[in-house]
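We just call them A, B, C and D in the order they show up, numbering each chain from 1.
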Amino acid sequence: MEPLRSRFQKDADKGAEAYAASIPFDQRLYEEDIKGSIAHARALAKAGIISEKDAEFIIMGLSSIREEIERGQFQFKPKLEDIHMNIEARLFEKIGYVAGKLHTAHSRNDQIALDLRLFAKEANSETIARLKELQRALLDSAEGNLDVIIPGYTHLQHAQPVLLAHHLLAYFQMLERDVARFRGCLERTDVLPLGSGALAGVSYPIDRSFLAEELGFSRISQNSIDAVSDRDFIVEYQAAAAMTMMHLSRFAEEIILWSSSEFGFVEVDDAYATGSSIMPQKKNPDVAELARGKTGRVYGNLMGILTTLKALPLSYNRDLQEDKEGFFDTVDTLLSTLDVCAGMVRTLRVHGERTREAAAEGYILATDIADYLVKKGIPFRQAHTIVAELVRYAMDQGKTFGQLSLDEYQRFSPLFDQDVRSITLESSLAARNLPGGTAPEQVEQALRMARRLLDV
Amino acid sequence: MEPLRSRFQKDADKGAEAYAASIPFDQRLYEEDIKGSIAHARALAKAGIISEKDAEFIIMGLSSIREEIERGQFQFKPKLEDIHMNIEARLFEKIGYVAGKLHTAHSRNDQIALDLRLFAKEANSETIARLKELQRALLDSAEGNLDVIIPGYTHLQHAQPVLLAHHLLAYFQMLERDVARFRGCLERTDVLPLGSGALAGVSYPIDRSFLAEELGFSRISQNSIDAVSDRDFIVEYQAAAAMTMMHLSRFAEEIILWSSSEFGFVEVDDAYATGSSIMPQKKNPDVAELARGKTGRVYGNLMGILTTLKALPLSYNRDLQEDKEGFFDTVDTLLSTLDVCAGMVRTLRVHGERTREAAAEGYILATDIADYLVKKGIPFRQAHTIVAELVRYAMDQGKTFGQLSLDEYQRFSPLFDQDVRSITLESSLAARNLPGGTAPEQVEQALRMARRLLDV
Amino acid sequence: MEPLRSRFQKDADKGAEAYAASIPFDQRLYEEDIKGSIAHARALAKAGIISEKDAEFIIMGLSSIREEIERGQFQFKPKLEDIHMNIEARLFEKIGYVAGKLHTAHSRNDQIALDLRLFAKEANSETIARLKELQRALLDSAEGNLDVIIPGYTHLQHAQPVLLAHHLLAYFQMLERDVARFRGCLERTDVLPLGSGALAGVSYPIDRSFLAEELGFSRISQNSIDAVSDRDFIVEYQAAAAMTMMHLSRFAEEIILWSSSEFGFVEVDDAYATGSSIMPQKKNPDVAELARGKTGRVYGNLMGILTTLKALPLSYNRDLQEDKEGFFDTVDTLLSTLDVCAGMVRTLRVHGERTREAAAEGYILATDIADYLVKKGIPFRQAHTIVAELVRYAMDQGKTFGQLSLDEYQRFSPLFDQDVRSITLESSLAARNLPGGTAPEQVEQALRMARRLLDV
Amino acid sequence: MEPLRSRFQKDADKGAEAYAASIPFDQRLYEEDIKGSIAHARALAKAGIISEKDAEFIIMGLSSIREEIERGQFQFKPKLEDIHMNIEARLFEKIGYVAGKLHTAHSRNDQIALDLRLFAKEANSETIARLKELQRALLDSAEGNLDVIIPGYTHLQHAQPVLLAHHLLAYFQMLERDVARFRGCLERTDVLPLGSGALAGVSYPIDRSFLAEELGFSRISQNSIDAVSDRDFIVEYQAAAAMTMMHLSRFAEEIILWSSSEFGFVEVDDAYATGSSIMPQKKNPDVAELARGKTGRVYGNLMGILTTLKALPLSYNRDLQEDKEGFFDTVDTLLSTLDVCAGMVRTLRVHGERTREAAAEGYILATDIADYLVKKGIPFRQAHTIVAELVRYAMDQGKTFGQLSLDEYQRFSPLFDQDVRSITLESSLAARNLPGGTAPEQVEQALRMARRLLDV
């Protein structure tokens, strides 16, 4: 019979025990748990609830358990349910009777809330750091390919020419918003729950502010019931992660498209590609495909925790044990995806002649020709109609804009003149010279601003 | 043949036209669209791209279209696809030729981004206001029931007594985090996209900062491709809404439980209840059930937009049209749910004698008895074991703690003394006297702090 | 005070009334509701519970209400909550006192279950019909393009040549599984719930089998509590729809890719495309983009209903009202998407020379060359390695397989001979001559089998 | 440099290698993989593609690898990516050169499809078996508590009395539909994909029907592209599992409610409960809470795979690697949840006196009183109104139906007579005597039918 089953007359059913045990996954929180217990022991001593000597004894025991775990010598037991009871039981073995004093004013309910918040704070910080790494890789690539023109797309159809750097900066912006979201999440995570007890608070005069300081929290929780029931900080991380993965899936999709033989815009480095077991010629952009595919699990984990929390009455319910695995999986997935994407970007080869050639195909300068007419005095909507008819004529003739004679142009509007010939990819880019536009001047300015943001 | 189909040789298939038309739902954005077009006309005039007179003419036309819509006299046509083209076409009818000048430096891609951001800013502000209304209702109820004791639950089992006010304040805290999330979302929404054109920026010297000021935006977007591809502000609202609905579903679940004949803790006011078509005695807490049930649609809308955006290459793709209906539905659902929940809280009758009676049943003071032993010198874990055995004994005897003799107590520990009798619901509450605890003193302090937060 | 509120002392709060009213969307079920009530009136008369004359009177009243609704003359009132009470109230106005007899042995709980099942049966049947329509369009297209060779892809990289018809038949297979799933769903939907009352069954001797026959159901429900609590048939439809939309999103993605200037494999008909408001040259595959984008809402609706049902105690709870809107939306979305996809397929232009040219590029025949070596006696894995090195050499030389001399071939294996030159796209296709393979013979056989399946 | 990287000039990046490796989880498929390879070797020999001796050699090698794995002596290497290449590489070590022949006419793409289908078939069968186990436990419990009356609920309010057995049979029905869905899924899973090669079929005359027979499949796939791209069988399992978990979450919710001190209807056995680390009196229905909570992960896994598959072009893409972990997790979760629920049901103690007492409280017989009036000639709706007023009166007086005098009854309708007193819980039950109703006679009949279904 286990320590917490004293009022029961039976052992747990073996299947039920395995079903309920969280130790297979919450052992990952051993460091947070021990850190929290050490701080708690100090707080108990500070309040005179236990003696300084007992506190030292407990801290010594906990430290040596941490070492055991780190050396792989600790035996986790499902029978002991979770990381807290595993460590507590071992502490009894190590220091005996005194171990029983640690759990004064300490419940597994506020303990797990603490462990998770410590873990989540670290996860948020690390995520922000890796987002910035990827942003840096994008900036480096943008700067290294400043003269590369690509067709800009809407509906995956050629729309208007843009600089590759401008396109990459769009992702920089997305990640910048991601950083802001994780910062908000971090701020809301940075709240000490210890001292909330099982749900109602504790009846010992421990100093919660001291605990917050010891454990590096900026604030203490304001309501004990909320403190043990709340998993918002996990949901919020998962929601922010889902948005980041959404961004990365868009980027991955483009890398995959651009790597196809039809596009041929880029080539993923061998180090980020794999071959085929049957087709000797294959080089697959696997990392991008996996990043795109893993979006699913991150969305799923978000859905999972939202479902688990739906309609759950206060305060702690065992359902909350389901908060961990999906969260860990999302953190691991996001961090590794950010990592490999940064590596993939840094080693990506861009085929600038090919992208320029693609941009030059077709009627990508149609908007510029319409703008040309507008500048000669025609309202935009009419100019749009004239150029649409011009495009239709050119397609029927199998000609590009460049292959049309001035005569042919003038069939559609007398305002066309020789200078229509000076509309080029370059002139098109240069014309979009407002903040946020793709004109080289603007893009250079945007790169400088982005660089500065990275240093914040 | 419609204006934008000039290069085509065929009309749209009727089914395809209906499938693609967004006018049935995006007409809701008419006001934002017209507001944006008026500002755009001013910016065009300011930049000398059109004359002041043309601008005035256009603005007059747009204003009178707004009136037509508001009077219900505007005929929306699916053939014209969306709100932008419906308004543009009507403007042509009204002011002729000049209407064609409005779309200089203006694409549907940046136009819809603008409309949605204007709408979303308003949605965020209104959501924050209603969250505060519900917080206010919770505070009022907490203050009006300051002496009500309820059983605090973990695992839906009696755990420790708490004040109802303390329990309600847990929801106050949740909503406070919700407010912070919507504020962050609002900040990231508050960015002007106009001037991004179709995707690459525009080739006319319009003043984007002027536009931002005209339309009440704090910042302008930094990348034109991102500006037309980005729907983060919608996803983020939906994620924040999902969390709020999760909170409300937890509250609704408790109202439903507490309204059951078995609990009998509260009674929902007749104005928030319904009857049965077949069982004459029924009074159902429908509003709470619906709030709980509607959590599903809000989660679903979040999942929907995340799915739509997954792996979507830049920049605008028609898939983005799917951003609206789920978003509108979430905004409407959240706002109305917050509203009816506030009303339900304000009119809720609490049966304080019944909750006290429930709290007094069983062995809810067991932790306090363990704490009692700890204060007499026994380590907590051992005290826990002793009391667990005491509970088992009492259950076997069919006795409450109060019905046990001192003799019986002392069979489990010699440290028990007469003063064990002074452990009551009230002493239990009073003992939890740390910040965030349920002691009346702490709860009163928490109420004062909450009241102050509401005024921010 | 409304009929069902007789035990209450207050009217509903206006906001709560609007919040709770389902009439804005459940009026769509008027026909099912009236059909069910007519059958119920007959069953009551048959059992002698009401007189034949009363039954006739009721049926006459209900029929005329149906006509009113169909002529748009019925005024739906939110105050009356739902379609059942709206019709019941109107029946009172029309036939007076006798109307009150209709609700003997009839609860809104079994009534709405009936209405939904009638609707869902129809939805399943119609879905199956439209799936078959799309299958037919795919078959017609496959047969009409029997000689078109395309590059087959894995990882969006050229893998092996395949017939376009073979590729289209892959979608035929997916839809065939969809048909099977909707058939299973239909079977489980085809169960009469009437006679379950509010939850416990009814205390009148109505003949449930008679009702089943009248209303076209194959079976009657076996448990009254389940009958009013169960929404599996809606969840199952939504899950099947999610899978179908997933299939259609894959197809849509390919149409979009293939329509890009870089692929240039197909051209969507003007009738299924739209233009741009700013770029005169644009022709966008909007229908495919919308089909892909609408996958989100169908996934979201599935997640919504699953969330609503999670942890809902038996039997009827008002949360169940949330079963309808998402379901209707999914049915409408799926049916219209199937429709427009069929139209798009029927009118799609395939550029067979372009796809052949694309297939001929690169090293798509590498597997065939490895197979060539295997047939000369080398184990496959070694042959694979040899050809991989050959590919690397050819890439370095900038040569295609066809441009390599026999000498160059033989540097990699002495087994290469003149006949390596006879490896062509056609020989590659012809070689895959097992059931399910892309050899023309197999594909023709598969087309015949598919045609037969359509007739089932 | 690994075998499949011969055309590359670089090793994989370490991070990318770890990111892409599936061996940490797909090693679970070793048995299926080896089984498939053995059958494939036989088929190659049968077709004369390899010699009988080579086949025997290969089979011997594979068998001994299986043993190594089962004895825990196999070293899985992430560098070798997946289970297929790990086994292939080991086979080379064991039997050398000949190992290279196994992969003739065999791609990882059809291999993994095979492995997953073998696994999924087993998962479906096992799921059906455990569903039946739980059904059996429910039937046993229903039969063992045949005389237990509980309040039937709608809106968690007392509605009408029902037999507990009737209530439990509602869950039997849900699980019966689950069984049907898994059977449909099994049927669609039972299709051999081998012989589809990488995507186009294979160019060797292997006998696919022979392979199907060897591996226990009923049918062979009809299209090679579909065969390697299709994961419907996984999505369908996950969707069916989500529905089953939804059912179990409803059941779990009821167990949790019924275990509360306020309901007191049942007591979970000690073997399925846990205690508290801080509150000595606690006995928590953890297994039910976990079952409810785990609904989240199963919903999430469904959402995950649907997201991953959205808009994925044909045929195999690396995204598909994401099909496994969520699937395994869902299978494990569902099987263990069914198991522990069956155990919990089998050991559940029901407090029949308490449930009867609860049923007797309040006005649960109101419908019966309305029916009483109907039988005396009043239309139901009027009877409903009369009884609603009677209830309101009784509540005001603080009386139960039994405490009202005949006089008081008659104030509301002259049709009330002495026999209104014979309306009891038992008469109410007995009256609902239609198929599917809660009358004891019907429930006994339903139990017999259910028992027969279990034997199918």
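Here, a residue touches a chain if its C-beta (ideal position, glycine included) is under 8 Å from a C-beta of that chain, and two chains touch if they have at least 3 such contacts.
Worth saying up front: this structure is predicted, and the values here are computed from it rather than measured.
Peer 1: Provide the labels of all chains in contact with chain A and in contact with chain C.
Peer 2: B, D
Peer 1: If each hop has to land on a touching chain, what is the smallest number of hops from chain B to chain C?
Peer 2: Graph distance in the chain contact network comes out at 1.
Peer 1: Taking the mean of the CA coordinates per chain, how far is chain B from chain D in Å?
Peer 2: Spacing between the chain centres: roughly 33 Å.
Peer 1: How many Å are there between the centre of chain C and the centre of chain D, using C-alpha atoms for each centre?
Peer 2: 23
Peer 1: Identify all positions of chain D at which a residue touches two or more other chains, and write them in rising order.
Peer 2: Correct list: 4, 6-7, 103, 106, 109, 154-156, 159-160, 197-198, 257, 275-281, 283-284, 286, 289, 292, 295, 299, 303, 306-307, 309-311, 317-318, 367, 384-385, 388, 391.
Peer 1: With touch defined as at the start, can you tell me which chain B residues reach chain A in the complex?
Peer 2: Against chain A, chain B makes touches at 3-4, 6-7, 88, 92, 97-106, 109, 152-156, 159-162, 166-167, 169-174, 177, 180-181, 184, 188, 195-206, 208, 220-230, 232, 235-236, 239-240, 242-243, 246, 249-250, 252-254, 257, 292, 295, 299, 303, 306-307, 309-318, 367-368, 371, 374, 378-382, 384-385, 388-389, 391-392, 395, 428-429, 431-439, 442, 446, 449.
Peer 1: Which positions of chain C touch chain B when the two form their complex?
Peer 2: Going by the criterion above, the answer is residues 4-13, 15-16, 18-20, 81, 84-85, 103, 106-109, 197-198, 269-281, 283-284, 286-287, 289-290, 292-297, 299-309, 317-322, 325-326, 336-337, 339-340, 343-344.
Peer 1: Quick check: in the complex, which residue numbers of chain C touch chain A?
Peer 2: 151, 154-160, 256-257, 259-263, 275-286, 289, 303, 306-307, 310-311, 358, 361-364, 366-367, 369-370, 384-385, 387-388, 390-391
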